[in-house]
Amino acid sequence: MPYVNIKITKEAVTPEKKAELIKGVTELLQNVMGKNPQTTVVVIDEVDTDNWGIAGKTITERRKKGL
Amino acid sequence: MPYVNIKITKEAVTPEKKAELIKGVTELLQNVMGKNPQTTVVVIDEVDTDNWGIAGKTITERRKKGL
Amino acid sequence: MPYVNIKITKEAVTPEKKAELIKGVTELLQNVMGKNPQTTVVVIDEVDTDNWGIAGKTITERRKKGL
Amino acid sequence: MPYVNIKITKEAVTPEKKAELIKGVTELLQNVMGKNPQTTVVVIDEVDTDNWGIAGKTITERRKKGL
Amino acid sequence: MPYVNIKITKEAVTPEKKAELIKGVTELLQNVMGKNPQTTVVVIDEVDTDNWGIAGKTITERRKKGL
Amino acid sequence: MPYVNIKITKEAVTPEKKAELIKGVTELLQNVMGKNPQTTVVVIDEVDTDNWGIAGKTITERRKKGL
């Protein structure tokens, strides 16, 4: 029954990598907590680097500065 | 005062269908729980089928397999 | 496949009312958008009135002032 | 350590305005609650006006009616 | 930089199990997508079985019926 | 119309501090982006330190180790 939401920056991730991540998270919830994989839902949100901030700066700004 | 977030897969849903869903959810919260519709907020997120997984597989993979 | 998150203030809502809301939202998604009810997930979060703000004031403050 | 998610309607907001908002929220959490800005994460979601509803109507509908 | 939110039903999960899940998700994001574990944030929400619905029924109702 | 969700660790934050944070975020959205404070909603979630992880460890573990 778990619901998992994963937010990452938008970086041309392939469908194969997304599928691998979804499979891995679902297995992890089964192995660690005994959750039924049949009802485990995973949603990935890809966020523009202008819209993601850490330490008060957007990722776009941080990359320009080499942070 | 309720806030409702609805996540669905991206499937060329018309603005009319979205409006109907938002109206319906708002009325439901008023009828079932007496919530004031004036301050009920509903946000719909449409998610790419590559980014949505259930039972360890993306919706894209599931549709290819006829699941 | 839809996932719905409903946030409401914590007000001693009965389990029966929650069940009615969950049933209603699931039916609405089926009727309006043809979504399969078997895989529709609804999660209700109940939020303390100190932790919810609208128009710059918490619900606790607003109720004290009769807003 | 805080995580902040801000949802706004999609309105051609400039990267500079987003950066200003992220900086402001991070400083506010430091000033009001003593939170470490180094680990404060802010994510902005921009939502289509067809997908956002208040008072039972989408923002698109409300603007057409001058609300 | 990823942010992960995991929602599970409230079932007396031990702190050790939660720690194992957080460690596993963080490693998975590093292994599959090359994400920096230092800035990966994971938040677990435990939800009352009255507040979680699937297929139009709460988990509380489903368990009573042996579903 | 903005909706803001702030997640912080559960640390005996006073209602006054929460009210100050809600007021501050609402004003910031008005000043930076011209958003109408009347329809700005802010919800604060307080998360147990066992349920929050960064860099693969829960906050509970990190504090025990003096991180």
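Each chain carries a letter (A, B, C, D, E and F) given by its place in the written order, and its residues are counted from 1.
Quick note on the criterion: contacts are C-beta pairs under 8 Å (C-beta built on N, C-alpha and C of every residue); 3 or more make two chains touch, one makes a residue touch a chain.
Because the structure is a prediction, the values reported are computed rather than measured.
Contact with chain A and chain E alike is made by C, D. At the interface between chain B and chain C, two copies of one sequence, more than half of the residue numbers in use appear on both sides, so the contact is built from largely the same positions.
For this pair, chain D with chain E, the centres built from the Cα atoms lie 25 Å apart. Remark: chain B and chain E have CA centroids separated by 21 Å (rounded to whole angstrom). Listed for chain A are residues 1, 3, 7, 25, 39, 41, 43, 45, 52, 54, each touching two or more other chains.
Under the contact rule stated at the top, the pairs of chains that touch are A-B, A-C, A-D, A-E, B-C, B-D, B-F, C-E, C-F, D-E, D-F, E-F. Chain D makes touch with chain E in their complex at residues 1, 3, 39, 41, 43. Note for the complex: chain D touches chain F at residues 1-9, 13, 17, 20-21, 24-25, 28-29, 32-33, 35, 39, 52, 54, 59.
For chain D in complex with chain A, the touching residues are 15, 18-19, 22-23, 25-27, 37-46.
Contact residues of chain B toward chain A in the complex are 7, 45, 47, 50-58, 60-61.
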